[in-house]
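Structures follow.
You will see two complexes here that share chain A, one where it goes with chain B and one where it goes with chain C.
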Partner chain A sequence: MVLSISSRRLMKELKEIETKGTPPGIQLLKADDMETWIFLISVLGDETVYKGETFALKLKFEPGYPIDYPQVTFLSDDQYQPPLHPHVYSNGHICASILGSEWSPVLTALSICITIQSMLASCKKKERPPGNDRYVRSAPLNPKLTRWAYEDDTV
Partner chain B sequence: MSSDEDANDYFEYEDDGFEDDEMDQEAPVKKDYDVAYNVKTLSQVIDMQKKAIANIQTVLELDASTAAILLRHFGWNSEKLQEQFFNDPSKALTDAGLSPPSSPSAHTSPLLPPTASSSTPPRITRSSKRVATPATTRSRSAVSIQTSFECPVCCIEYPAASLSTKTLALGCGHRFCRDCWVEYVVGKIRTDGESAKIQCMENGCHRIVKGSLIDQLVDPDTSQRYRKLLNEAFVSDTATLRWCPHPGCENVIECSQAPPRMLNQIVPTVTCGCGNELCFGCGFAASHRPVLCKLVKLWQKKCADDSETANWLQANTKECIKCQSTIEKNGGCNHMTCKKCKWEFCWVCMGPWSEHGTAWYQCNRYDEKSGMDARDSQAKSRASLERYLHYFNRWANHELSAKLDADFYKNTEKKMEAMQQSGNLSWIEVQFAKQAVDTVIRARITLKWSYCMAFYLKRNNQTELFEDNQRDLERAVENLGYLLEQNPEPDSISKLRADITNQSAYVQKRHDILMDDTLKGYLERRWEFSVDI
Partner chain C sequence: MKVTILSYNSVAAWKWDTSTEPHKLCDYATNGDTDDYDDDDDECGICRLAYESCCPACKIPGDDCPLIWGECKHVFHMHCLLKWIDTESSKQQCPLDRRPWGKVDDWCFDCLR
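Up next is the complex of A and B:
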């Protein structure tokens, strides 16, 4: 069987994670197939507003990966809640430029996690994005169907 | 507002190096407030780009794709591009997403060494040093590749021998396999609608993929779409161009006399080659003369937000005289308590409830002073709403008439046929009726917008003159409309024809007066508005 590009690429990424491990604060929770992976993310150190909290980041890969970016959301269930962050909506959707116009096919699942982790690390004040309720009420299930406008480069 | 800098900006619009084209028909300039413009076909727009590119190619001695990328980066301003290029060529090139000129990597170079790891790509040096020392760059790219290459996107391994055919890197040296390039570029064009700004696949690399390479990579259909997107980007990036907004029309209007800063004194209505009018200033798909673009936008927003709501509020609510909250009475007795400020009042007389004693279900105190004062303050808060509705209703009325234009023409045509038969007139002799309908319709469009104008005008003598002109045109149009509705009796046809012809000429005259005076008024700064323009 000839492997699809996305499967071949994900298998390689998985192998790399197995051999080299993940950076501190990032842990692979689930990668049973080549479609949905879940990472646990926490921000280390004392300087963070998320001290002691752990979040679950879900990456859903489509056949177009890695030319096309995956669906990336924070889990929102009994066990995990999305972080209170000005770029994270309460339904787990994330507004980040690399998950849109600035996606590059050389970025990996792990580099997405690292970017999201640093986005959390630079946050000074825990709050929801303006217009959270309105967005969440009408948001599509797939965050890729939302047209994001990237306004704030500080966090 | 017309500082020297502004004036310079304005004149720069005219010198893009592609304005004289023998094939254009220069529209005749009729009035002070009209703008000169050309209607361009799509192929003429393509020629404009080719001409500008060829010009830069010759002056700066570059290949066509490079010249095109530079021009797009500089918003098709040839002069600015040349100035910056002569000043610092390597900066101009790197800013636009290209290599400095003397570097061999300026061209797609399949022989650059493969990038070892995708996480630490070699960055291009963004300094002029690279131009000064071409020898180092050359020696770097001359290294022959002995190892195989794994594409960092799809993870497929390519043997060294197939590198030049199966993989490629832009001038930045970020190498990927051809298949991934194709998929990436096709996705950018077909899904994202990108054209001039498709960048290297490497994270954070701003190197632009040249048009010549895109044509090599993609299928003819996608290539065609790419060209189309480039044309769209060209028109939207060029301040002196605007697409005709009418469905099915591919023409472009070129006008250098209506830059945004002029739109507080002119209304640049133009007629496209497709026969329809549009506003060059804002792209409105019809004439909105004599109203400035900005006021049209404000008005449309206000109407979208307020009209329905305002009408309903007008009919069903009153304001609390203490806190101005809008209150709807949806049943119950006349003893009202404002939910917000707890003020108790009578719905009928608006006076304080305390004076009503136990008369729960009727009010006989309508003429008491306290009740009258309350109604007075209520009247004031209603006045602005009523003022808006006054103008809106008149505006909407003409808007509605315009929707019935087709019927108006059809009915007139029937009458024209009847006149030909019963009055023994020739086809050409009954055309006066159709011309009269044309006149009515045009005048109504102007009248419609005149109510938007009046809404934003401050009350003063000039405004009174404006409203006099408006009233005269309104009356003339009503009279002509009435004449056109008459059924032509055989013995009175000639009189009706003379009446309609005369009245039609009169409407035309009143129309010209209103339009001339209003549009000249902008140039003479006669109008004062209640909003900033």
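Up next is the complex of A and C:
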């Protein structure tokens, strides 16, 4: 069997997660195939507005990974809800520059999780992005089809 | 005791030289000293395969699947880097430091002369 480029890269990443583990607050929940992985993300410590909350981050890899970035969304189902954050829409879509114009093929599934975790950690006020309802009504399923404008790097 | 060698099998290994500083490259050329090398950085940051293996698109390692150096001294499999640079989203930047990608061909050879 000839493995695709993305599968080979993901198998290496998976092996590294299995041998070296994940950073505190990040846990691999599901990686049954080389297409969709789910990580659990929480912010540790007392200084966070998300104390005690756990979120599920879904990464969907396309054949062009890692030249192309994956589809990254927070799960929104019976068990998990997206965090209330000024860059996270209620449908789970995330506005983050590394998931768009600032993507680099040296980034990994784990480094995406770490970036998202630190985005949550620096949040001071739980609120939805302006225009959340309007966006969610018309948003495509795939967040990569949305043209994002990155306005604020501080949260 | 007199020993006559009837036959022998020679074995050789090779490794891309990915040192980033010219003086180290000279050390390596003269002493074959690899102790100072950082072995953690012996894989291509894009495909995460060893420099000595080929990129995921190739089958045979070696000259047909070479490495490429940027002006920023970062090293990748050439095929991996070109796939990235050919995309619009790369903005022609190095994947590691986002500096404009410029190819360096000659400095390492100059040092060895």
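We adopt the following convention: the second predicted complex is superposed on the first by the 155 of 155 C-alpha atoms of A that agree within 3 Å, B and C clash if a C-alpha of one lies under 4 Å from a C-alpha of the other, contacts with A are read in each partner's own complex, and residues count from 1 in each chain.
Basically, a residue touches a chain if its C-beta (ideal position, glycine included) is under 8 Å from a C-beta of that chain, and two chains touch if they have at least 3 such contacts.
In this text, all values refer to a predicted model and were calculated from it rather than measured experimentally.
Partners chain B and chain C, once the complexes are superposed on chain A, run into each other and clash.
Looking at the shared chain after the overlay, A:106 reaches both chain B and chain C. In the superposition on chain A, no contact is made by A:148 with either chain B or chain C. Of the two partner chains, both chain B and chain C are touched by A:9. Touch criterion not met for A:135: it reaches neither chain B nor chain C. Legend: residue contacts after superposition of the two complexes on their common chain; A:66 is shown touching both chain B and chain C.
Common to the chain B and chain C contact sets on chain A are residues 5, 8-9, 12, 66-68, 104-106. Note for the complex: chain B touches chain A at residues 118-119, 121, 152-156, 176, 180, 183-184, 187, 201-205.
Considering their complex, residues 5, 8-9, 12-13, 66-68, 101, 103-106 of chain A touch chain C. For chain C in complex with chain A, the touching residues are 45-49, 56-57, 80, 83-84, 87, 89, 95-96, 98. Contacts from chain A toward chain B in the complex involve residues 5, 8-9, 12, 64, 66-68, 104-107, 111.
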